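One chain, chain A, links the two complexes that follow: it is found with chain B in the first and with chain C in the second.
Here is the complex of A and B:
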């Protein structure tokens, strides 16, 4: 009975609303007591996230053991992942994130791999551009014209062909693009704020509870 | 007491809050507004149906951010809400739903949402843990592009901004002929998807799906705030053009 009460939706919503409104209020007003409480809440949030990360690692390691025993496809990659996690954690915990080992792994292994991986996206951009630039209807024609003008604006050859391309390109960026983008940003921001408020005060349901 | 430079923001938040509460109260008294059609939300059924007919799975992903990131958490949380709706739809139509997730913190939540949807639909065997794909950090778009080539999903739903990965994921799915509905980086999505949600359409999804007076009332309130802000914008531009430069100061108090 007591456990059911503790797990009831109302309790969760009250805690959520209290924490959310406290953090929101702290952004707008300066009350020392509130600031202290919010700072404390932020520390809790970090602790919970750290704990969840730890739980996640053990879950990953457990899954690796199960899959490796069963020799499921991809098991060597899972082991590789566990080893990397242990190595990074070792350098991070014992020598700090500013230490040589951790920095070297981060800058010369992780970042390099990341940059190389991002570069793999180029063929998809070409392919998407090809798809977008098929002039099937009026909208697509406008899209195509704007795209070609912007390409000629960005590529040095555009200015060589006609000195007006940079002017036209800059105008497209400054006037139609910026105005429409700002309108969308305002609407998105407003929708986001309204949804955030609805969520914080408990009006929105969580997906699992429907 | 109020932090300098945030008074106008506070006023806007209070107006949003006030309108929301008023229109919820109004909706509870039976005066519920009619929501306009959101074709992208209606099309979820079409996408799932198409995947079922083709005998292919459905893929779903939320924003490529971590839940703890500042403003994006709202987008992410709503992405999970829609995921619950899509999961129920897939489970009731005997379609397999694969969800790719970048954030390790929410993997458990995603898994339990899927499990619960399949159990409630009376098809618990339809769920297995491999339906939750973990693609940490920036690996998600590339891992998904590869996965799309192997699995060839019938439908792909991207609810949240995938940042640089938007074009990679959307194009990879389009190349495999998947039916796509998305919200995020609009220009790339328009080029590759069947339906795209823009701006605050996305944030009205939960109200549109559930049609609950409480949420529909909140959306109505939000629309009135939009009109009010539009008036503020027009008035500000007019005053600025009349040479009253103090308007900028008033908006930044």
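Here is the complex of A and C:
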């Protein structure tokens, strides 16, 4: 009963409205008490995010146990992931990130594996680019021209082929791209502000309702 | 993979060049790409390097810091991003430390802490600088923009303790760093939009200037903020990293990698053009056939 009350929509909306409006108000008015409260709220937000990271690990471990019990495909990989997470955490917590164990795991295992994983994706990027850059209509032609020009702008070879490529590439970035991006930024900002207000006043679906 | 013969049989017409190319075993392309990149990594063809205005401005920005001033370096690189812009990060750290600028390191990505350590260890003159006095390293902080917002007015409360477990109040470098305006500037490196967190939370409301080192994926955003005068220069991708090393006079290990990148770009463009020519040819042929 008590838990249901705590999860009730009204309480969640009140907490959100208080936090949201306080942070918003602090941006426009300077009231010392409000400022102290907002500063505290911001630090709490960081602590909650850190806590969520820990919760994420326990969520992963729980999922691993469930899938392993059910012998679902890929369960050994999940167990391997949990073991690695525990080993990394052990070295990180007890010997620090500057310690030999953590540094060795990072430099000689994680770094190599991640780099190899991304490198393996290169053929797929190549393949996807070839498909995306097919001149099917006018939009695709414009996309193709801009893409090729920017590739030649970005790679040093472009200037060797024709000294105009960097100039054209810079123009694309400075004029059409910047103007459109500015418009998008303004629109996104307005959209986010509207969404934030709707969320604060409880018009949007909340996590507690799911 | 569709066989060329099969492709022709399925459509019930003669195989065209386009059919043959589309049904070609793609492994030939991957092998060609691999051999091309490997060749470029072995043979130095010395393609001239352009140094962009934004890179020059990035250096001018670093030169504007007074000796003894403190800056925040948010190393938000992941391992893969670090392969692209790690050299620029190391060069920036070295240049600033050697000029007497003090650096507070932190990270909004898990990998950033270890990558900062690796960068610092690779600086030949690092032993001249004292930890806690010339530089200090804080850890990874989850929460992205919330962290940057919290740092606005409460640096000690947000950062807590450094990677060695020393509280802010006991670190000599942190004695006068209580809020974001106590930093002379911020420099952010990464492969995402983290630099905009600093622009939105530090530069716009508190006038703390900043610059960034990012991958080319963020070139459009960086250019826009640079033109908005809220970024004081930036370093983009491997090209920018190599250019920065050259401007600062440090050795660069990116020359051959850039050659390989150039070769891969040219191959991709050539394949795109060939693919489109065949596509247009096929389209025209189909139109003629329909008539």
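Just a few scattered comments:
Rule of thumb we're sticking to: the second predicted complex is superposed on the first by the 129 of 210 C-alpha atoms of A that agree within 3 Å, B and C clash if a C-alpha of one lies under 4 Å from a C-alpha of the other, contacts with A are read in each partner's own complex, and residues count from 1 in each chain.
We adopt the following convention: a residue touches a chain if its C-beta (ideal position, glycine included) is under 8 Å from a C-beta of that chain, and two chains touch if they have at least 3 such contacts.
Model, not experiment: these values are computed from the prediction.
Touch criterion met: A:124 reaches chain B, while chain C stays clear of it. When the two complexes are overlaid on their common chain A, residue A:114 makes contact with chain B and with chain C alike. Looking at the shared chain after the overlay, A:196 reaches chain B, while chain C stays out of its contact range. In the superposed pair of complexes, A:27 makes contact with chain B and with chain C alike.
Touch criterion met: A:49 reaches chain B and chain C at once. Residue contacts after overlaying the shared chain place A:39 against chain C, while chain B stays out of touching range.
Once chain A of one complex is fitted onto chain A of the other, the partner contacts of A:186 are limited to chain B, with no touch recorded for chain C. By the touch criterion defined above, A:75 lies against neither chain B nor chain C after alignment on the C-alpha atoms of chain A.
When both complexes are aligned on chain A by C-alpha atoms, chain A residues 27, 45, 49, 52-53, 114, 118, 127, 129 touch chain B in the first and chain C in the second. Chain A makes touch with chain B in their complex at residues 24, 27-31, 45, 49, 52-53, 56, 59-60, 114, 117-118, 120-121, 124-125, 127-129, 131-132, 143, 184, 186-188, 190-199, 203-208, 210. Note for the complex: chain B touches chain A at residues 1-3, 6, 9-10, 12-13, 16-17, 20, 24, 68, 71, 74-75, 77-78, 80-85, 87-88, 104-105, 107-109, 112-113, 116, 137-139, 141-142, 145, 164-165, 167-168, 170-172, 174-175, 186, 188, 190-192, 198-204, 206, 210, 214-215, 218-219, 221-222, 225-226, 229. Of all residues in chain A, those touching chain C in their complex are 27, 35, 39, 42-43, 45-46, 48-50, 52-53, 96-98, 102-103, 106-107, 110-111, 114-115, 118, 122-123, 126-127, 129-130, 133-135, 144, 148, 151-152, 154-160, 166, 173-174, 177-178, 181-182, 185.
Listing the residues of chain C that touch chain A in their complex gives 26, 29-30, 33, 47-50, 78-80, 83, 111, 113-114, 117-118, 139, 141-144, 146-147, 149-150, 152-154, 157-158, 163-165, 205, 216, 219-221, 223-224, 227-228, 236-237, 239, 258-259, 261-263, 265-266, 268-269, 271-272, 275-276, 279-280.
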